[in-house]
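Chain nomenclature is as follows: A, B, C and D, assigned in order of appearance, with residue numbering initiated at 1 for each chain independently.
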Amino acid sequence: MNSKDPKANNETQGVAGHGSFFQQTDLSREEAVKATDWVRKHVDRRTVDLGDRMDDVREHMYELEKDGEIIIHRITDEHEPQTVKTLFGWEKKIPTKQLWHHKSCGQCGNIPGYPTSLMWFMNEFGYVPGKDYLDETDQTSCTAWNYHGSGIGNVESLAAVFLRNFHQAYVSGKQHGHELGHFFPLVHCGTSFGNYKEIRKYLIESAELREKVKKILGKLGRLVDGKLVIPEEIVHYSEWVHVMRNRIASELQKIDVSNIRTTTHVACHYYKMVHEDAVYDPEVLGGNRTAIITSIAQALGAQTIDYSTWYDCCGFGFRHIISEREFTRSFTMDRKIRVAREEANADVMLANDTGCVTTMDKNQWIGRAHDQNFSIPIMADVQFAALACGADPFKIVQLQWHASPCEDLVEKMGISWSQAKKNFQEYLKEVENGNIEYLYNPELAYGGQA
Amino acid sequence: MAIHEKSLIEPDRLQTTESLVVDGVDVSGSWNTMITPRYLRDYDDDFEKTIQKYGGGENVHRCWQCGSCTNSCTMYAQNVQFNPRYWIYLTRLGLKDEIVKDKDIIWQCVSCNKCTNICPKDVRPEGVMKALAHWMEDQGITEKSPSSHFDETFWEEIYHTGRIEDAAVMMGFFKRTNQPLVQEWLVLFGQRMMKYLPVSQLLKMGLNFIVTPRTKSWGKTGEVLKAYVEEQKEAAHG
Amino acid sequence: MATYAEMQQIYDDIRGDFRYDSELNGCLNCGICTATCPAAHFYDYSPREIVQLLWTENVEQIYDAMQEKIWACAQCMTCAARCPFKNSPGGLVAIMREVAIKHEMQSAKDVLRPFGRVMLKLITTGNQLSPDMIQPDHFPDWGPNIQKVEGDLSVLRKAIPVKTLQTVETAWEVSLKTSVEMYTIWEMTGVMKSLELMDENLFDVIEDFIDEKREEYEEWLEEQEDED
Amino acid sequence: MQDTVLIVGAGPAGLSAASTVTASGYKAVVVEKEEILGGAPIISGYAKLVPSGEWAKDAIGRMVSRVEEDSGVTIHKGAKVESLDGEVGSFTAKLSNGETVTAGAIVLATGFTHFDSINKPEWGFGTFEDVLTTTQMEQMVSTGKIACPSDGRVPERVAILLCVGSRDRQIGREWCSKICCTVSANLAMEIKEISPETDVFIYYMDIRTFGLYEDKFYWKSQEEFKTKFVKARIAEVTASPDGRLLVKGEDTLVKRPIIIPFDIVVHAIGMDPNEDNPEIAKVFGIGLEKHGFIERAEHYTNTCGTTRRGIYSCGAAYGPETIDDSISQGAAAASRAVADLNALVQKAS
């Protein structure tokens, strides 16, 4: 075969592999680029036949359900799901409606603009609180922060907490006049997301663990027909943002962000824990990295810039960010902030987990103590999207809680920071007088009607 | 705030300013402590070639890291930090900083040559260690070792006279290494020589020590020889 | 220093965890875990070394590693995502930490003391972080710009347009019933026991708090019945 | 029909089988799904072969012409077997080109599929232009010039990462692909030969240059061509702003993480089961072993057998295999087939 055969260089797939035939390059840039077109060409063969060798935990779940061991909280048509592909080309259903907000302790405590931006989006889409989504007080954190930080806690406790929270999600619709399973849990936190998936796997694999937690859940009255309730999918809020990205951009976007250079930091616990479940999309980063975050930035028309430490963790470390901060700040400065600043010259770093936002947001200022005066605004993908869709930087996006220089970004987007701040300070007076604006009728959170 | 894992950080990678205020905030001490990372960022591609130009280092590239040298090493048995296999690996990749960390022990090689004997690929680890020790001396990373001082005195004597006068070399070596010229063992040695050697021999030795005779028609040979050696060294190491 | 028998017992407890076999399948010393490990970039810590110690059943050095090294791990789990053997070094570290606590290792107590605030918050409220924990006094290293609007914390929290978040001592409001259910989980799964081993004072404080909450809940239930 | 052997696949094993069949006085029918003969070495454009050092197009080319010029061989190119009836002594195969072949025995020389590096995305293939596979690098060697695909510059440094798509449970590939270590050492030498200013580093977790490949490839690449072997399995490949690639690993001998710049990164891709194997198994009624390669019958007395009588296999269809051994096995499988037919004739008479 002549390797210069033009036919050989395009569509043909040899028996012996992904038939990208090499052509001799030339020193001129244009010709070199042309010669390597095949590299840029979309290749979609990440649907390797893994046979029985790669376990899909969901298969085992369906079997357990068939055997009458568990009840699966299913994603139905009512949830208006969208199907996405995960790492091995497996399919995952992402419900877009009737969602039970499973909040994140770090987000709510520290970066409240996260959940508010998300609920704001749901309102903008005309979702009806109490029907299309529910935020309520009957939930605890996943407790995994403490577990990963200290080792106090154990698989049983994590499993019981998981099942307790998700049982509540399953039954939560009832008091609002809906069927069981009406609301499907939407997990806000990256660590909760990873932890729940890991725990679900243990539960599916270990009858012993199921037996143990069944006793606890039984005592709490958290079984349905004497069975454990396990959700069909564990769904992260950023996956909801991902599947809604085109609607967000086409229906809600108000600000042109094409001049904004974004970098992405995806939470390790989103795409590295139980990694076969993370979303990959051939249209985003060639399908070679998880699509989350980058996809919404792309949909909004922002520039997405790669950088050499893309895969690195943020340096959060659970215990480290509290009591080993020397590590956390050193890591995040060296492997994240400096790189996003120097290499990518980014206007903003977008993330999808509380820990990452906190770590990168709070730990950059101290860099100036040692000639590492690098700074970059840090926020969640959904906060950035909300800004682009005209949400108030203070009232909704709650940027006042951030330590990084979000002012610069907001101004670059053409929003007046000072005006918004002035408005907000006036609003604070109203708040003191008890005139508070809510995203949904607060009574809903306590079992009341919308 | 204490770093619990402090023993897991080399002290020179900790940066702390004891008293510091930034933007009006007191961040003295551990509040501003930063750690510099420990990952390796690059290889020095030329370093292997540099060491290969020193006598003994020629075969360093043949090593495949089997560890026979270290296993057989006399010094390793005393000190597990003494690891010829490791230094050879660092040399190959040009990880100079890592080698320099062991500067105070590499020269301890006792030249038993067990490593060279056992090496399945004829790397000659003993030679590599010599080469490394010499390179470090040349770079001023280590003080000249006693053996280098001796070597230099020895050659100075040859360049100068074309021959070796033991007593002169020894005195020169003592001077260079700041040792007292009169040493107990030397005095004892001298006394015994006086006791057992014939007087004529003693006189000849004394005379030679004072006038340091040169080889017949040595002339400029020493200078030429010295120039040639310098030239060779220059050619080898640049 | 522990006796060999104690060290052996510690190792047996690690090995006895039901996760152990699925998190450790073998190890060829390839180093991919350490390559991606954030802790390894700054500490003399190596997940590969931890896996090797376990794989070779080196009980003495396992014990040594548990004094200090296992606490360096940041639990990001990148190691598990990369390992060609599908080991989970981070998961093994998690098991070792649990065992360190179970055996009341002094090093574990020392490491965890500054983390007590998080444990307290978590166990009593079901949240792990609350706005009042992030005060400038505790975090001078986070700088003067820790929040961009001056004002009383409770007012600023009230300016969050979601009622469940307008709290100061918890990240979000957790209903009394939920909290009480969670206490039952702590007790039934041995978390309270671990806590007692680790920090008796903290345990006492938390016990009192839980008792109080339970009483509150009982009263509330009675009130509900009366209303009905 | 008892004088004909059907051979599926015309790579080194299949070509060897065809020649052995005709040399024994029987007829061979070769069915090849591609339009050309020669299999992976020809279609993927391999450079110099291991261990002969001959160019693939010359060495395998000779095998191709020997078969093409052999009047005892009928060749169907661009065709697949779509269905099969009968049993040993009287198989009837329907081909995708409409033809029907009758044969007494069948040899499956269906080979393998190169691992597609796209399935190991963190190693940068498909993301960065200067990340290549060994087959692509061989094609580059064939052009006689080593240059970075992104901009044509001569690379200062090339990294070859071993075990890409081999020995990796994360992606369900538990096998060793056997030949990549040797191929990589060979490739390192070829690169250095063409581009002496380029330094080649091979990142490994073990080196498996078995048998006589040890000194000829491993030692030689190191001693004569100064290839550097670094004991580290690479975790991720990213790019730095100057366009160079950053290879992240742990140097397990130094016990430190490393992040080293390179100009080209080459994936030493492994051998997957032929991606058509599920279909082949169905059409021919044979079993596959757990990794997806063709299941081998009891080997000691039923050499080259499959799970169905009268159907044999050889070479990389059974699992990762070298070209030389594939050729030998092709001849062995052909002998088994011929022996079968001979036995039938003897029995009948």
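Annotations for the structure displayed:
Here is the rule we go by: contacts are C-beta pairs under 8 Å (C-beta built on N, C-alpha and C of every residue); 3 or more make two chains touch, one makes a residue touch a chain.
Quantities reported herein were computed from a predicted structural model and do not represent experimental measurements.
Among the chains, the centre nearest to the mean of all shown protein C-alpha atoms is found for A. Across all inter-chain contacts, the pair with the most C-beta pairs is A-C.
Per-chain CA centroids place subunit A at a distance of 22 Å from subunit C.
Chain centres here are Cα averages; for subunit A and subunit B they lie 57 Å apart. With centres set at the average Cα position, the gap from subunit B to subunit C is 51 Å.
Among all residues of subunit B, those that touch two or more other chains are 1, 4-5, 22-23, 27, 31-32, 35, 37-39. Among the residues of subunit A, those in touch with two or more other chains are 311, 323, 325, 327, 329-330, 334-335, 365-366. Multi-chain contact residues of subunit D (touching two or more other chains) are listed as 122, 231, 236, 248, 251, 257-258. Taken in their complex, subunit B has these residues touching subunit D: 38-43, 45, 48, 61-62, 64-65, 86, 89-90, 92-93, 95, 98, 121. Across the complex, subunit C is touched by residues 1-2, 4-5, 7-10, 13, 22-27, 31-32, 35, 37-39 of subunit B.
Of all the residues in subunit C, the ones that touch subunit D in their complex are 25, 28-37, 40-41, 46, 48-49, 81-86.
Those residues of subunit D that touch subunit C in the shared complex are 122, 163, 167-170, 205-206, 231-236, 248-252, 255, 257-258. Here subunit C touches subunit A in the complex through residues 18-19, 22, 36, 38-39, 41-43, 71-72, 74-78, 80-81, 94, 97-98, 100-101, 108, 111-112, 114-115, 117-119, 122-123, 126-131, 133-134, 139, 141-143, 145-149, 151, 155-166, 170-175, 177-179, 181-182, 184-186, 188-191, 194-195, 198, going by the rule given at the top.
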